[in-house]
Amino acid sequence: KNRARMLISCPDGPGIVAAVSRFLSEQGANIVQSDQYTMDPEGGMFFIRIEFDLPDILSHIEKLKQDFQAVADQFQMNWSVHLAGQKKRLAIFVSKEDHCLLELLWQWHAGDLYADIAMVISNHEDMRELVESFEIPYHYIPVTADTKAEAERKHLEIIDEDVDTLILARYMQIVSPQFLKHYPNRIINIHHSFLPAFVGGKPYAQAHNRGVKLIGATAHYVTEELDGGPIIEQDVERVSHRDNVDDLKRIGRHIERIVLARAVSWHVEDRILVHENKTIVFI
Amino acid sequence: KNRARMLISCPDGPGIVAAVSRFLSEQGANIVQSDQYTMDPEGGMFFIRIEFDLPDILSHIEKLKQDFQAVADQFQMNWSVHLAGQKKRLAIFVSKEDHCLLELLWQWHAGDLYADIAMVISNHEDMRELVESFEIPYHYIPVTADTKAEAERKHLEIIDEDVDTLILARYMQIVSPQFLKHYPNRIINIHHSFLPAFVGGKPYAQAHNRGVKLIGATAHYVTEELDGGPIIEQDVERVSHRDNVDDLKRIGRHIERIVLARAVSWHVEDRILVHENKTIVFI
Amino acid sequence: KNRARMLISCPDGPGIVAAVSRFLSEQGANIVQSDQYTMDPEGGMFFIRIEFDLPDILSHIEKLKQDFQAVADQFQMNWSVHLAGQKKRLAIFVSKEDHCLLELLWQWHAGDLYADIAMVISNHEDMRELVESFEIPYHYIPVTADTKAEAERKHLEIIDEDVDTLILARYMQIVSPQFLKHYPNRIINIHHSFLPAFVGGKPYAQAHNRGVKLIGATAHYVTEELDGGPIIEQDVERVSHRDNVDDLKRIGRHIERIVLARAVSWHVEDRILVHENKTIVFI
Amino acid sequence: KNRARMLISCPDGPGIVAAVSRFLSEQGANIVQSDQYTMDPEGGMFFIRIEFDLPDILSHIEKLKQDFQAVADQFQMNWSVHLAGQKKRLAIFVSKEDHCLLELLWQWHAGDLYADIAMVISNHEDMRELVESFEIPYHYIPVTADTKAEAERKHLEIIDEDVDTLILARYMQIVSPQFLKHYPNRIINIHHSFLPAFVGGKPYAQAHNRGVKLIGATAHYVTEELDGGPIIEQDVERVSHRDNVDDLKRIGRHIERIVLARAVSWHVEDRILVHENKTIVFI
């Protein structure tokens, strides 16, 4: 279809909405949705997400991008335009737990996740049969302390230019800073706690030990700081003294898969802007 | 402060956002937030809420409204402009239950509800002391089947032009169609069920009888159809077999006051557009 | 393991807990959990669920049941005893929508649903491959207005004595009263609305039309009254004016699968007692 | 009325429920509700809360307690019996923020909080008029670094033996270990974050800085470790990038008052047992 999305962030100032909407109007585009957020009226940042329709968009989009640069320069914009009809391509990383992967596969299969799953990469063989039954390529790349650098080289090679976004769907390996540089704000991880509580390993055991009454999960972009990247989405569920660590894990699996799936959906629909260490999510 | 809000609904078509934002820009206004919703790209309705700052707004707002009419005519707009600094004036109707009234008084007192409470009107004397302790006028107007028309005449007289919005905060009287005509989409009621379940009287008894596992409350604009007006907000809370009708009432009181207070806040911040029998709420 | 669960309902009166716990103690059983609910202290009903451990339970359970009858008679008890280690056997009925079936299969596969899925029965062929990939028998029994009685005879034949509980996982056929008689309080349906709102067909279209701000789903035991049986579980999710009917269906699918899976879990763990048209759920 | 509640914790072992229920039955008591939790069937702890009715309870309760000691000794029980009709007496500590105090006053006034508010103690004069309008004594005891020990001596003097439970309703002073010793598991604090996230001061600023998508509040018993005591209740509410620190505070006030009120209700209804650093809450 003839729809595209434009994401813009820039220093706030008068006339931005007018300039952008006039530009789009002159190009023959019709704005069907727009969401704007200004951090602080005085000297803050301006963020906007615009969905527009443009007849015969494929023939005109490159010209539109070229012409828009003049508007962008005037307001010092960070900006991007994405064709709504062009699915993002995902590489899903997984270890031995299957619930997050299964949810993404199911939502993809049901048409609820508008993306292509280009491949699944794992440090274990366990999910091969499941993944291949969906006719998705499965790459087994074992990782040890010694082979980590080598494994990441292989990852980059396989992923190549074919993939937009990486999803760590309970992938139990820490990604190196060098690797991260290739995908700034394009690697989504699910952490199995309500961050910033229970950073690091065994969060459900930590939660049980502290006696919390709600447990949660957090989807975030991966940065160099472990479990410290921009939070995309969080949710919680009620637990009680009756729930032991295994119960927390079981309940937690349900939150994790829901939270990760929401975050991935918003990402592939270009609903997320990142500013400093936070997300602006237009939903 | 120099802020205003513009609400527009009109048939969708190309160039609306561009026309409005150019107009505002030419007037010297800076858009600080905008929310848009288009019902259906093909032949549907277009809705927008724009917050803008305009230096020395009080001197310019009347001129701006006059000039905007040309833009409005072009697109067949229903539109209004509201000064953010000018508080809406509320008349709260109440009977014998105080929880919804108390919540509004408390939020108003805390500065969370940006409105003036012009008066409280009741068919009972019970709340007089409470209301007058806040230095708010209290009008006792008893209502019986025989005196209903007369009572409503008195209501209109007291309210006069001084009040923008009427809040039925558990006011146990049905408002007549003639009365409603004076305040289209400006009377907010709280119904103590998750509508459309349990329309009419004794909804908690009905809920208990049906054995539901969640109970709710609904804030809506009042129309001629009992409990049938446009829904503004709803929420629910979990209940169990252990809760008898009195427990449901107690739990329900907490939902009712929260839901009503949210609806009133959104209304006084000009966040709600009504189309046919539904609300568009920009939050 | 040596654990069993006892469910009792009877008219309330003094000494019930003492009599039951003395009986269990004398049999050598240790109570590890008990949940009690008395509807109304004066002349109401008494309900209890007791989990107990008994060494070498398989050799003693029949004797225990025989001996308990004397206690039961004294208090006019409805009662049952279930071995925790003996999985309930389920027959899942499904039509063309797969999300509820998939959730049950996934939870079963993950070990979260403690039951055997004895078979899947459908009036369509669509799910055969999926179901058989889990090595679960799939029975295709088409149903038309003319063949309904015949189809239900086939259902009974296939299910036979092998199955404890029937799950209607978005099975789009109404079950006849004659069929229901074979499985009182043992057929669980998921209705795709927050009952009693939106009884009958197309509840999401009804919900969209009414402009509700939350949509829900309801799991209930099936009785002769359509969508009128005892409610086991309900949940809701927030929606907005932006969500069209297809969005409601998508969001609703997630609620439906969660709500049905919870209800089935509670049922197979013997956590539900039915009294008149309501459930007592001990969780 | 003739109702009492018995709370027991002891090492698990066979026959506890039988022994207790036989004892109560022999005393002429009728158990109207019981909730049991066994931490770990093998070698764990056993917890039970029993509500029972006993005719003419005031004349018999002392004898019942005396006689029960024999049962208690047999199983090494920690136990207590509370008359349901005898309200707990509360002292509420408050500083300058009124929302938590107001909620408790309102619930108490509405009859939802079954307790007596014996007094309000504050290090400021601000709330005097409000509190005295409910005919509740108000004690102004200023606290500085130098006068802290002296102030706490005054607190103890005023509270004396008249008060069962202390509520820190946004009381912005740290209570000393010496003071705490007088009220083990009888001082309830509301912390304005979802603990253990954002321990210490300015939790909303911390939350805003981290960009969380839900904020919360935590009611807990106060122990020597700051914000580290047994958690009684927690809840959260959704926030977004649009909410600045003041919005978080406003939203947070609503969560704080609800969470604190729930915790206090459970406490005064004898629903909470503390084991090590966790609560068992029977609701």
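In order of appearance the chains are A, B, C and D, and numbering begins at 1 in each one.
Going forward, contacts are C-beta pairs under 8 Å (C-beta built on N, C-alpha and C of every residue); 3 or more make two chains touch, one makes a residue touch a chain.
Here the structure is a predicted model, which is why all the values come from computation and not from measurement.
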- [ ] Name, by label, each chain that touches both members of the pair chain C and chain D.
- [x] A, B
TODO: Select the chain at the greatest separation from chain D, using centres from the mean of Cα atoms.
DONE: A
Task: Pair joined by more contacting C-beta pairs (B-D or A-B) - done: A-B
Open item on the list: Taking the mean of the C-alpha atoms as each chain's centre, how many Å separate chain A from chain D?
Closed with: 42
Open item on the list: Averaging over Cα atoms per chain, report the distance between chain A and chain B in Å.
Closed with: 37
- [ ] Could you tell me which residues belong to chain B and also touch two or more other chains?
- [x] 37
Open item on the list: List the residues on chain B that touch chain C in their complex, please.
Closed with: 37, 194-198, 210-214, 216, 230-236, 240-242, 277-281
Task: Residues of chain C that touch chain D when the two form their complex - done: 13-19, 21-22, 24-25, 28-38, 41, 53
- [ ] Report the residues of chain A in contact with chain C in the complex, numbered from low to high.
- [x] 98-99, 102, 106, 110, 112, 133, 250, 253-254, 258
